[in-house]
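The following blocks contain the structures, represented as structure tokens.
Consider the two complexes below, in which chain A is the common component and chain B and chain C are the respective partners.
Showing the complex of A and B:
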């Protein structure tokens, strides 16, 4: 099994190594065992706390919004009588093929102070004055959330759509004959049948959001004043931007591991409960 | 029947989908128009075609060694994709076909590995590559991506739909396991391969963080890194950046459109 050898070398070994490293302190490659020093540093590090808060905000807002939207689109597109299905499907999936770098830059230019977004919003009188999208901590977060939602909604939609097309048509026919309205068919047939896929996309999206790096690095560089700094970006900064601090960076990375573990576990439990 | 209500929900559905499609496609339009405008016009939100296209292309081509960069990107993404597909499909096939006690345990541990973020692996991988003297090489980029847990998982799920009678019949006919894999399994599973190709190629082509760490000289950089580099200037030339972005997006766009039908089929097979 070559896959297992590769996984062993490039996955298991680094995991154990970084666990060991997370207990070490020092600059650059000059490391020595520091016991719990890194964990103590973690509790006093306000930048870390800000990064953690930001990451959790992104997670709590973006993942539910994106998955609900993906589900809505998939359900609408699953209707075989809908005109222009494949056009809509392709259009909504299209963002997924862009490179993270390319779309990040595009978003940065669209949300410039005099940029197209402000002009459009002003033209339709939603706002009177331009919003300083990237200079204001609140709006910078909104831009990051919009950007990730734009990029990944179609991706999740495809999973839902594929799963919906696997549901036996006759179940819907029977429900329709029994007079079950469309919304009830959605909540009592579609959603329960999709539970494994919903769980899958939730876990994948959670992991993805906790590792958020490319967009924040390219759209906002974590700013203004760390308001969009994420854990991954902080780890990167700790490792390669400031004085390298490998041990401490490894400790921060284990915070992500633990978070992913806890959240995935909760999601599995939630999925199991509903089944019973 | 409640006809007005049905009409209303129908209209709402179309309105929602149209809005979603517009929002999805608009940045692409913006990128194309942007490529023809000067940086200042782009910042000022000019949404009509301009005259700076030729200038932007010239600046882009002159500022980077484009053939070399394109080769790097295609080589890394291409070799990485082929290697990943072979390794992952062999693993997925193996997990499904060979029954043993350890199998589920190994698979379980592997799935746990899916939850380990790349950030946690980044530093050890970097130090490891340094000790192999592989920093700034193609191997350093490709190797860690080859054993993709997600794709192994994906192939295992898809293999569940592979008819075992085919394998049994081939065995009776005297085919060896590797012959079954290459001559029967691979052609039968081509939709799965198509979907996996799109996913893996896009991931490798767009990979940013790991190349950013490992590739250090300009002649080794990928298109993604170059485009990112263009933007990191204090006042980026957005017109040039748009040209770069189009160049970076085109290959994945073409692959997606070529394989689109099989892609959806493949997804269908995998999420059962």
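Showing the complex of A and C:
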């Protein structure tokens, strides 16, 4: 019973209240009911469209890259013949327990115009002039993608690793006796066996990317010229940077809620076991 | 039994006396909490002001809290929106661009100071920025009067003296920049493509803004804005600027000698002078004026901030008295913060003081403060309105188009439509 009350106070009430908020218009605390005004505003909002596009780009590029990397790392580190694999596992997992602020600040300084990345690339003659990592829209997106990939690959790898260790050894032995090559064992045994975990990591990575905020706020502030502005950062700007527009910010938040719902549903459909 | 009772009552009496004495001390000792954002600049001036007030009123102490500016604004906005006043300070520093936004979207959150402060003693444009109806809410503080800071040693290598930079136009500056680049190889200006400050400076120098005096949008068909964007395009095309990302890279570029000049607010003086080894290598000049624009001047503003008292402040009366006593009257105090922190306040009487007429060897013996206060008097007054952040974001979104030499009319149309969309 107390749990229900707590759930009501801290979950149900805020959700209902934010839904009510999303129909309010006005500046600061002077709010009034606006009907569909916020939804109409949403359809005409070019900044929102940019934020949505950027978020989708991050989602479409970063999530597949990260999950494939995590899978490859997990497969390599699952090999019991590999020397020092627990050190590698820790090293790859470590980024996701570091502080968001600390690593963002370090990425920012590493990718500065005269930062260590440019210095290194110039020293080994990959580039002649420093790349304006944070001042150029394309490179700024690359930096954000690198940053979140660095931080979250290890996290997903742990799930895959745990799942791989649950696969019965005898299946691999049988395959080996039948002369199935290593790549085929990976694609036809490991990957299908990991299907539920792959679904799980895809869904949580999708939700995480749709809510992407810290890295873009700390590394690029959404810039240059909105090229890394995400939906969450836009909500933050609407609430804390611009003339506070709480109702409209709530409407944009519900876009994320709906997107998460739709994308998760599609992923569930795609991963559904057809034989069941 | 009675003995025990009397013993108890004695103990109780002693304890009560102790409690009441404690509460007396608590009532007479006040602590005024101040939020500000730069420990070397406004934080340091507030500390100095606090020490002066404590010397006169030993029972009042100050707790000066430094945040990053964006953090302060967001914390303030979040708390005002939540309606929880616990944890808000007594006095808060607010940048002028955002003043009307706070005053109008959180009515009743700030205290009008008309009864305690004589506003005729302050620069009128600063007073106007914090006025809603007939009530004024701020104690006007630092001015953002702008100037051109340059490395006189680098420019002199290219054959330029201070007199060559007096009252010039932007196109003349571009010529100088190209000449400097040719002769010395140095880049003239750092440009942050994520910051529209350069455009705000140019616009205000000709008495224009994103909004009209009545608050309506003034972007499409604004000749000053168009001239500013065109000037900026010429500036970039001339190849005399270096792109930087963020404040640290920006200030780093000219303090390290990577670029030879920057145009910015007077408050940058402290940052520049922090590099004592560059003493004598710097000069200041008035801001260049826009070419062929009606009302173009060589004076403008960037930033600037003022102190506000929160209506919910526990020590509201003491806070108001403190601001009125020190910040509102003490001309001597203003001399001190001018010399120590480079803080050019808005109290008019302070300008007659000695510090203002002193020459500064760091800037080659120029009368830095006298110059800045002369330019201060020439700044065209504009209404920042309540949506400067939104307009700025719309400009920043178009900077790639501006930088790549896009069509100015199309760029302005895009800015206009984004601003109109955002401010509904």
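Brief remarks follow.
FYI, the second predicted complex is superposed on the first by the 267 of 276 C-alpha atoms of A that agree within 3 Å, B and C clash if a C-alpha of one lies under 4 Å from a C-alpha of the other, contacts with A are read in each partner's own complex, and residues count from 1 in each chain.
Just so it is clear, a contact is a pair of C-beta atoms (placed from the backbone, for glycine too) under 8 Å apart; a residue touches a chain by one contact, two chains touch by 3 or more.
Source: prediction; values computed, not measured.
Contact with chain B, but none with chain C, is seen for A:97 once the two complexes are overlaid on the shared chain. In the superposed pair of complexes, A:237 makes contact with chain C only, with no contact to chain B. Shared-chain residue A:246: touches chain B and chain C both.
Counting the residues of chain A touched by each of chain B and chain C gives the higher count for B. After overlaying the two complexes on the shared chain, residue contacts for A:225 are found with chain C alone; chain B is out of touch. Once the two complexes are laid over each other on the shared chain, residue contacts for A:214 go to chain B alone; chain C is not touched.
Residue contacts after overlaying the shared chain place A:134 against chain C, while chain B stays out of touching range.
With both structures placed on the common chain, the touch criterion links A:46 to chain C but leaves chain B unconnected. In the overlay built on the shared chain, the residue A:159 is in contact with chain B alone; chain C does not reach it. Residue contacts after overlaying the shared chain place A:112 against chain B and chain C alike. Touched by chain B in one complex and by chain C in the other are residues 29, 108, 112, 239-240, 246 of chain A. The part of chain A that touches chain C in the complex is made up of residues 27-30, 41, 44-47, 50, 108, 112-113, 132-135, 137, 221, 223-226, 237, 239-244, 246. By the touch criterion stated above, chain C contacts chain A in their complex at residues 70, 73-74, 77-78, 80-81, 83, 101, 104-107, 192-194, 243-246, 249, 386-387, 389-390, 393, 396-400, 417-418, 421-424. Residues of chain B that touch chain A in their complex: 9, 13, 16-17, 20-21, 23-25, 27-28, 30-31, 34, 42-45, 47, 87-88, 90-91, 94, 106, 110, 113-128, 143-144, 146-147, 149, 152, 202, 205-206, 208-209, 213, 224, 227-228, 231, 236, 238, 241-242, 244-246, 248-249, 252-253, 255-256, 260, 264, 267-268, 270-272. Of all residues in chain A, those touching chain B in their complex are 1-4, 6-7, 10-15, 17-18, 21, 29, 69, 72-73, 76-77, 79, 82, 87-88, 90-92, 94-110, 112, 114-119, 150, 154, 158-159, 161-163, 165-166, 182, 196-197, 200, 203, 207, 210-211, 213-214, 218, 231-232, 235-236, 239-240, 246, 249-250, 252-254, 256-257, 260-261, 264.
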